[in-house]
Amino acid sequence: MDMSEVTAKLIEAKNRKRATYQDLAEAVGRNKTWVAAVIQGQASMDEKEAEALLNYLEIPYEEIKHELMTPPYKGSLSEDVPTDPLIYRFHEITQVYGTTLKEIIHEEFGDGIMSAIDFKMDVEREEDPGGDRVVVTLNGKFLPYTKW
Amino acid sequence: MDMSEVTAKLIEAKNRKRATYQDLAEAVGRNKTWVAAVIQGQASMDEKEAEALLNYLEIPYEEIKHELMTPPYKGSLSEDVPTDPLIYRFHEITQVYGTTLKEIIHEEFGDGIMSAIDFKMDVEREEDPGGDRVVVTLNGKFLPYTKW
Amino acid sequence: MDMSEVTAKLIEAKNRKRATYQDLAEAVGRNKTWVAAVIQGQASMDEKEAEALLNYLEIPYEEIKHELMTPPYKGSLSEDVPTDPLIYRFHEITQVYGTTLKEIIHEEFGDGIMSAIDFKMDVEREEDPGGDRVVVTLNGKFLPYTKW
Amino acid sequence: MDMSEVTAKLIEAKNRKRATYQDLAEAVGRNKTWVAAVIQGQASMDEKEAEALLNYLEIPYEEIKHELMTPPYKGSLSEDVPTDPLIYRFHEITQVYGTTLKEIIHEEFGDGIMSAIDFKMDVEREEDPGGDRVVVTLNGKFLPYTKW
Amino acid sequence: MDMSEVTAKLIEAKNRKRATYQDLAEAVGRNKTWVAAVIQGQASMDEKEAEALLNYLEIPYEEIKHELMTPPYKGSLSEDVPTDPLIYRFHEITQVYGTTLKEIIHEEFGDGIMSAIDFKMDVEREEDPGGDRVVVTLNGKFLPYTKW
Amino acid sequence: MDMSEVTAKLIEAKNRKRATYQDLAEAVGRNKTWVAAVIQGQASMDEKEAEALLNYLEIPYEEIKHELMTPPYKGSLSEDVPTDPLIYRFHEITQVYGTTLKEIIHEEFGDGIMSAIDFKMDVEREEDPGGDRVVVTLNGKFLPYTKW
Amino acid sequence: MDMSEVTAKLIEAKNRKRATYQDLAEAVGRNKTWVAAVIQGQASMDEKEAEALLNYLEIPYEEIKHELMTPPYKGSLSEDVPTDPLIYRFHEITQVYGTTLKEIIHEEFGDGIMSAIDFKMDVEREEDPGGDRVVVTLNGKFLPYTKW
Amino acid sequence: MDMSEVTAKLIEAKNRKRATYQDLAEAVGRNKTWVAAVIQGQASMDEKEAEALLNYLEIPYEEIKHELMTPPYKGSLSEDVPTDPLIYRFHEITQVYGTTLKEIIHEEFGDGIMSAIDFKMDVEREEDPGGDRVVVTLNGKFLPYTKW
Amino acid sequence: MDMSEVTAKLIEAKNRKRATYQDLAEAVGRNKTWVAAVIQGQASMDEKEAEALLNYLEIPYEEIKHELMTPPYKGSLSEDVPTDPLIYRFHEITQVYGTTLKEIIHEEFGDGIMSAIDFKMDVEREEDPGGDRVVVTLNGKFLPYTKW
Amino acid sequence: MDMSEVTAKLIEAKNRKRATYQDLAEAVGRNKTWVAAVIQGQASMDEKEAEALLNYLEIPYEEIKHELMTPPYKGSLSEDVPTDPLIYRFHEITQVYGTTLKEIIHEEFGDGIMSAIDFKMDVEREEDPGGDRVVVTLNGKFLPYTKW
């Protein structure tokens, strides 16, 4: 069974139970975006987390547990420039504000990067009379360049 | 004078004055990341903002004021996939977590997108004994798909 | 069942009934181009709309209803530059007149964009003795860039 | 003098005179979007139109008149997928709704295309209490495929 | 049944009957290159033409008739630059002589294009003692650019 | 002096003399499309031809004669897929009818290609009450594949 | 049966018989590299050659004979830049020494090309105390550019 | 002075002296294709070779000698797929016969490659009543894959 | 059975036996990274090695042995720029430090390359109180460019 | 002055002094590969290091010191796939052995990456009777994926 089939099976079970990612997150004891990333085949769980997820979704397969525990080949898109408008907007932010982020981070932290590995992110709804807002928080450790 | 020359002149003046983006932000009355985006040629100012910036930097040129007020051709990178490691990490976040963001936003808001136009972002330092962290907040209005 | 199979089943049923997109549009209570977009897997319906469509087409499947209600991964082409001549002409209009549209919209509205989300479009036939004409109307909300 | 220099000189004169594209259109006796397309190097004028434009802008150069009368190498973007958000939205419309337009046009007109040559377009502002709207009308002759 | 299967079935029947494209052209009452284009999934027939073709090839399928009558998604190659040497030579002609064709056509016809829709082509053998020659004739209506 | 400067100088002289490609062709004793190809930097002349062209255009430069006699680096476009609509239509013909040409040529000549080297082409105007037509004739030697 | 299945069946039979390409070449009466090219789906045989090959390999299928006699869609790689190191080295030779070959061939033969159709190649082992060498000989007819 | 200027200067001197690559090869004591590769900026000479070349061409510059002795950034083309027909034919040979070469070399030498570094090549004219032929010989050491 | 199925079967057997690559390496008498490369379809074994591997993994299939002994079509990624973050970091090292490696190797060894064929690599863990480190050693024979 | 001019000036001074990277490394108190990376515009120095380098090279410019201290836009190649054979071999190692490295690192360290930021590398010569070897050591901190 390859990872896209695992994703399909998990989403089907989630729909059957009318569960939200928040429900899964509580069952596993993790944040909802991280659990969604696992289901999308972009992160891996330990055995206890995988069992909690499968128990909650009432899926018995041993094989799926194994897949959830294996570090996946990451990259959720088949294109460098995503065509889906929701995902494209994030690409656009990198394209338009990439050098801006570089300027600000270098000024405040020096030469280095924001880690995408020692990293967490969250998505929240901010109520606003002009229309509610999506707030995405990206939180990564600053890694200074080593000199050698 | 094209926009890359404007950027070079403004950065040179900023270095000469040993000013930070926070200093410029205060002079203009806006957030530091937005001011940096203007200087990188990715956003446009009104006349008052442009004058405040040029006065602070002690740059007299009329021509630069005009450039700062013209909507630029946006896109700060010459590549679809950026080679610079700091900027690449943001590309990687879109590549790896793009479908995750899509799942979560659709579940919580329905079919639509986070706007990259009615949008603001901020960069903050979060102190952490395991190494300080870069926190980037992306805040865009949710735009539901119109049916017609 | 993935979305391309859903599209195939719906088009087959539409052909069997010798229905036009206008017929489907009336059954659903929406514009014909929007209904065609749903069938092409580029927009999602609510439950009532999906049921109206499936009843009209006499398709009982529960699974298709679910697919029609899920926000799809959008993007109807497998190429950045479409090879099909009808679709290529729209790509050509963007290529040739892209900067023209930018000039005119910025002059009349300021720095911002025409939304492709708060958006509707229509296709009409205009009779003309020199040969009938296709009139495509794109109607999107102007979104001014936020300053922050 | 190459066409990009011609564009720069004409825009500089337009700014100096504080003229709008509508003003230029009236001087030339054509639609504002077509005049903007000429200035962007995407269409050519006859001698009378070119002289009307240059007279209005008070530019004496003979060489520019010649450039305006030469069919240009068309294509206003240096990328297949434009990075500028305003222009990208038109690319997105082709990407997302390309097959929808194909379905509707084939159903109503048969096998053929909307011409991008025997073609005109217009941009209008539609006032709307929920936010004014950009209305772009694309109007091209239907060209049926010849059989031979 | 998708179009590539239709193509395979038609070619198989053509081989079985040891028919040439000229034979099919006579059965349908059209030029051999146009009939070949239909079989390659690049043009569509009306009902009478489709029946003439299927009768000649002794193929009873109703489904194939329907496919032959549907405007196909055109584009016969999966690459922008074809690898097959016969087809590449046509790409090479466009690459090498593209600007030459542009110069000559603009000089003789003004600003406009040769239509690839109101278009026919033919392939003939020219006997030559130095080796027979392939003569391909491309014949398209000149479409002048509309001004508006 | 590189070839694009040579092209610019020759076209400027051609415009100054109000000469057509047909005039140049007669001065050189060759077909107009071949002379245009030389001027576009896609073919090379012998000394006599180069002198005839330069004499006719009243250009004395020795250096240009040398450039016209050197086999150029061929390829007149900077893109695999040309953006200019006139040139794109030729690309479209290859894309749409490439496999059709392959079928017909293989059926009539066997396995081999139409040469683009032992090759000539011509452009003619065909008068037509429904609109004049551009007729492009491609004439290349058939080269059968050698077996070894 | 498509060509990749034909290739697989032929290679399997070749392995079963422990035959070399030299053995097949002798059975067919052709060079080993040409026979390998046919098996890789890059060249076509006449009926007698195809029967000789299939008899030698003890494969009875009529369908394979037909495939071997049909001019294939040529191009053995799915990438412009091959990833396989053996094949990449040939790409590297074109990349690095392409303009060198152009200089030498033009100096010695004039403006024209080495044919890849009226062409044969061979691979030989050259014994060498410093390590045996692979010697690939490319032998193509010089085709001078026609003037017209 | 960058390498393309060095190339231009050397070719200009070669033309001025009406020298062939064979003449240069004899002056340097190397093969003509290798000397052409050096001049094209694809290989480097030692001091004695560089001086022999510059003396023969009567070019005094010290700076050029230095450039000829520096290992260049190799790759003579600005495209993955060359547009020039002479060079394209070599690309075509790799595309069409790449897997054929792989089969033959692996069968005769085992798993490994033909080196493009411990490598030499030559171009010869083969007289032929059917048209003279270009014979290119590629001669590289076989490098077996190391196991470790 | 194609190579990706072979890889899947071997990894499944490895998991079933809870074997590490080090265990397999010892069974085969080779380094763990080389054995992993074979399993990933990037290197080939001799008969004895293949039998040792299959015996250890208790897989009887003759067909797999044959696949392990055939030189594979190498290249483990379907993209030029890998999306997986672990693999991307190696791409990044080539992108960022490529010219640095070129400078250092040319200075110390002269014009030539580090072989990727007469090559071995190893991965080791280096304990470090600031976090353990991955140490990858690339060891290839220096190949000087031949002059000819 | 942009970074490529800085690189050119530093290399010119290094050549003038006949200094090696090892000499520069000792003057700065860092490893030779890191100093080469700085000179190639891929890393930044602090003020003391920059002054040590400029003093050693006897370059007085203040402006260069400033450039050496600014975090550069990293990425030393203008292509995703480098054409230079020395650099390509590193690309090939990633292409061929990328999944092998992923397997080994995940098995020994778990889900995470080798950092290319908290990273150092070295190049050494290993003497070998069969030909000296280039040994490149890549040493990066293992970064485990954070769960959140």
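Assorted remarks:
Note that the chains are named A, B, C, D, E, F, G, H, I and J in the order they appear, and that numbering of residues resets to 1 at the start of each chain.
By our rule, contacts are C-beta pairs under 8 Å (C-beta built on N, C-alpha and C of every residue); 3 or more make two chains touch, one makes a residue touch a chain.
Since this is a predicted model, take the numbers as computed values, not measurements.
Common neighbours of subunit A and subunit H, by the contact definition above: I, J. Over half of the residue-numbered contact pairs of A-B are shared by just one pair in E-F, A-C or C-E, which is E-F. The most distant chain from subunit A is F, comparing centres defined as mean Cα coordinates.
In this assembly, the C-alpha centroid of subunit B lies 30 Å from the C-alpha centroid of subunit D.
Centroids built from CA atoms put subunit E at 48 Å from subunit A. Residue positions of subunit G touching 2 or more other chains, listed in rising order: 33, 73-75, 77, 80-86, 92, 95-96, 99, 102, 106, 112-113, 115-119, 121, 143.
Inter-chain contacts occur between A-B, A-C, A-D, A-I, A-J, B-C, B-D, B-I, B-J, C-D, C-E, C-F, D-E, D-F, E-F, E-G, E-H, F-G, F-H, G-H, G-I, G-J, H-I, H-J, I-J. The part of subunit D that touches subunit F in the complex is made up of residues 66, 73-75, 77, 80, 116-117.
Subunit A makes touch with subunit C in their complex at residues 15, 81-85.
Only residues 30-31, 33-34, 43-44, 71, 73, 99, 102, 106, 110-113, 115, 117-122, 143-148 of subunit C touch subunit B when the two sit together in their complex. Considering their complex, residues 81, 83, 85, 88, 92, 95-96 of subunit C touch subunit F. For subunit C in complex with subunit D, the touching residues are 20-21, 32-33, 36-37, 39-40, 42, 74-77, 80-82, 84-87, 89-109, 112-116, 118-119, 121, 123, 125-126, 128, 130-143.
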